[in-house]
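See the structures that follow.
Both complexes below contain chain A, partnered by chain B and then by chain C.
Here is the complex of A and B:
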């Protein structure tokens, strides 16, 4: 087993560019999540790496081997599908043994290997059953088992949990992590759920519109988004964005959002925007609510979403509607408030390209 | 009921309504009525055939009776099966039917898979064109076929009739299989490929076992076409040696003074049985096969 390198991968369907110049290296044993909104090309990327789609241009290496033109059968990957794709006419054991049967392994060896995998996944008492007799979670386990009976060169997940309920997701996440760690090969996990991406990955690759926006650890993509898209896509509730004017003033930068102005420390990059506009992103966690309407941005409370451990409160302001994370006991009662932004938590982006300004 | 309880809103509920009790009564009457009608229309000929098969020839000639009495009851007519000519007809029917069922099942499976999994230009148009064959009655198709088969030397040969009858059932069978295979997620096959299976292996191991209901529906359909066919066999199998049962019995009926109604009834009854049993035992699969929304 060794790392997977994807170089300038491009895939077009007619005139539609699904994946555009995608490059990424997945280290051996690394768990990378490819996350993005529907239609951003993440599943197409995965299918190209798997060999289920042909590549328009670019190359894919498994270790030193160029596998770009290898058919899927010869890549030796494991792939978990969104719809699980167990064979309904075979028992759990037959399902799990199928890859081994194709390899021509003897029946005795097959039984042994299946039993080993089944024990790892706690499904050893389900082997005689048919897939339709199992619950959704058990079916996922069987599908996982079928992929790991053979030692794969790479583990691919194609939104395997998007049809499952929240409770089951929580149950399966550590299992996926445990199993991929045991198998120890590079893992690419595709999902549209940023929470899944944040909780499971070593590194996250955020995709938008066929292009890679940012690759980094969950901490990096959350705290230091390189584009406004990443800032908005990662983290809940969504990052709030404002158009702001910026001016240099006696060694500091003055930022004006609506009527309020804020003082930022000067940075070289930011200085280039002096006298112009910049786009400011701030997370709802970094906005505080003041009882005094004159304090910061004037806001009229609209409603609260009570979550128990915190409250998401929506305010109507001259800047548009803003969501703020407030303490659990906060009840706005549709009154007038002032919103204060934490200047340290503000992230500035280029208003046109959406790239981070630092 | 509801019309009277809503006097405040004259626009609402003024339409003709039947109360729930009457509605369910009407529904039942309609249901049982149609069952009874169908049963009489479909069942009476079979009943008539069956009861006459067990009566002596004299009893049939003497007038209409609805059941064989102990004096007129006989099973001797079934001996006609041992008549070498009738035996030959039956054998021909069996061979042709098996040939048609096998051909239709195998070809529709492959063609259906191709339509479901590969895309090429004018795919749907070609598939629709297949159905054009159903616009013509068998006789319209059979006469040109006679000339073609004559040139090709396929007259009076099993393979000739098998081809002709398979062609007749094929459009339906291919469409059914196409739509059925479309309901099997592509990811199932893909997971077989990922596991290392070549395409044909995925087809055999993953697709074919799952198409069982459609295969059975197709084979029942092909069986019914082949076993009951009169026109094609009559025209494409002109010799007495090679013809199948339906035209055969027709020949016998015309050519013989010896053979009477009772024998015809007996042998017809025997011939109807396989079709009935075939459909009866496979009906649950048959329904599954036809249960595709897209069709």
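Here is the complex of A and C:
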């Protein structure tokens, strides 16, 4: 087993560019999540790596082997589908043993291997059943079992939990992590759920509109988003964005958001925008609510979403509606408040390209 | 209309509370239930039960066609039927015709369905073309083949004779006429199998094939392990239907060869027709038909019991 390298992968459907010059290396044993909104090209990327779609241009390497033109059968991958795709006319055991049967393994060995995998997945008592007798979560376990009975060169997940309920997701997440670690090959996990991406990955690759926006550890993409898209897509509730004027003032930068102004440390990159506009992103966790309406941005409370451990409060302000993460006991009562932004937590982005200004 | 002011409630009909005929209690549900299926029962009696009863009745009488007096003869017709050499010969030829044409139709039909299912562009127009052969009336098909096999100016005859496949009129050839009739019938009816199979093929999700490819399956293995098990139930039904239809097939054979040359293509329906109208033995013809019906009934029940297609279709 070795790493997977994707170089300048491009896939077009007619005039539609689904994936544009995508490059990424997945280390051996690394769990990478490809995350992005629907239609961003993440599934197409995965299908190209799997060999289920032909590549328009670019190459894919498994270790030193150029597999770009290999058929799926020769890539030796494991793939989990969103719609599971177990064969309804085979029992669970037959489903799991199918790749081994194709390899020509003897029935005795097949049984042994299936039993080992089934134990790892806690489905050893389901082997005689047919897939339609199992729940969605158990079916996905069987599908997982079918992929791990032989040693795959690479593990691919195509939104395997989209159709499952929240409780099952929490059950399966650690299982997926455990299984992929046991198998120990590079893993590419595609999802539109940023929470899944944050909790399971070694690294996250954020995609938008066919292009790779940023690759980094969950910490990096959360704390240091390179584009405003990544800032908005990763983290809940969504990052709030404001258009801000910026001016240089005696060695500091003066930022004006609405009526309020803030003083920032000067940076060379930021200085280039002096006299113009930047886009400021700030997470709802970094906004504080003051009882004094004159303190910061004037805000009228709209309603609270109580989550138990915290509250998400929505305010109407001259800058638009803003969500703020407030303490669990906070109840706004539709009163007047002032919102204060933590200047250290502000991220500045170019208003046109959306790139981070550092 | 309802006249509620009167002491007797005339708005209630006689069936509202049920009634009885002799010892039979008829509830309102029974009443409506029987009333609803009555038209179907009547129609079925008219088009199926009465003719069958008539045929069975005729089969135990001697009925000369030109002098239709019915003399009751009991099982004499049946005894005669089983002693006829031409009866056993026609039963064998009917079997050959049924099995031969069903096998060809199944092979060609499934193959066409697989191809149509694979084609992404123009598959609709192509399926329409394929199904046309099934929609063309039998008489047109037979006329077409009779023209093409004409020994003087038939194009198929010219080709076949040129390549030395046959000499003289193909349908008059004692060795090849049965094969020719089987192939011509299959030309028309293969599309029936395609229609059934294609519908079933289209219900197999692409994911199954993708998952199989990931497991390392070749095209043949995907056919064997996914396609075939998924269409198996439909195929069992199709084989049953085609077998029954072909065993009873009369029109296409009669129009092509009238059962000839000699009796080379005389299957059981043709024999029944010939006994009735060429030999003028109406009772005998009906006895043959009844024997055919019973043979089909028994083999049909055995087939359905041991292969149980409905169960296969469900899973």
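Quick note on the criterion: the second predicted complex is superposed on the first by the 358 of 358 C-alpha atoms of A that agree within 3 Å, B and C clash if a C-alpha of one lies under 4 Å from a C-alpha of the other, contacts with A are read in each partner's own complex, and residues count from 1 in each chain.
We take it that a contact is a pair of C-beta atoms (placed from the backbone, for glycine too) under 8 Å apart; a residue touches a chain by one contact, two chains touch by 3 or more.
If you're wondering where the values come from, they're calculated on a predicted model, not measured in any experiment.
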| item | value |
| --- | --- |
| Joint occupancy of chain A by chain B and chain C, clash or fit | clash |
| Partner chain in contact with A:168 - chain B first, chain C second, else both or neither | neither |
| Which superposed partner A:72 touches (first chain B, second chain C, both, neither) | both |
| Partner chain in contact with A:83 - chain B first, chain C second, else both or neither | both |
| First (chain B), second (chain C), both or neither touched by A:146 | both |
| First, second, both or neither for A:177, with chain B first and chain C second | neither |
| First (chain B), second (chain C), both or neither touched by A:103 | both |
| Partner chain in contact with A:302 - chain B first, chain C second, else both or neither | neither |
| Chain A positions touched by chain B in one structure and by chain C in the second | 50, 52, 71-73, 76-79, 81, 83, 85, 87-89, 98-99, 102-103, 146-147 |
| Chain A-facing residues of chain C, complex | 205, 207-208, 210-218, 221, 225-226, 229-230, 315 |
| Residues on chain B engaged by chain A in the complex (per definition of touch) | 185, 187-188, 190-198, 201, 205-206, 209-210 |
| In the complex with chain C, residue positions of chain A that touch it | 50-52, 71-73, 76-79, 81, 83, 85-89, 98-99, 102-103, 130, 146-147 |
| Chain A residues within the chain B interface of the complex | 50, 52, 71-73, 76-79, 81-83, 85, 87-89, 98-99, 102-103, 146-147, 150 |
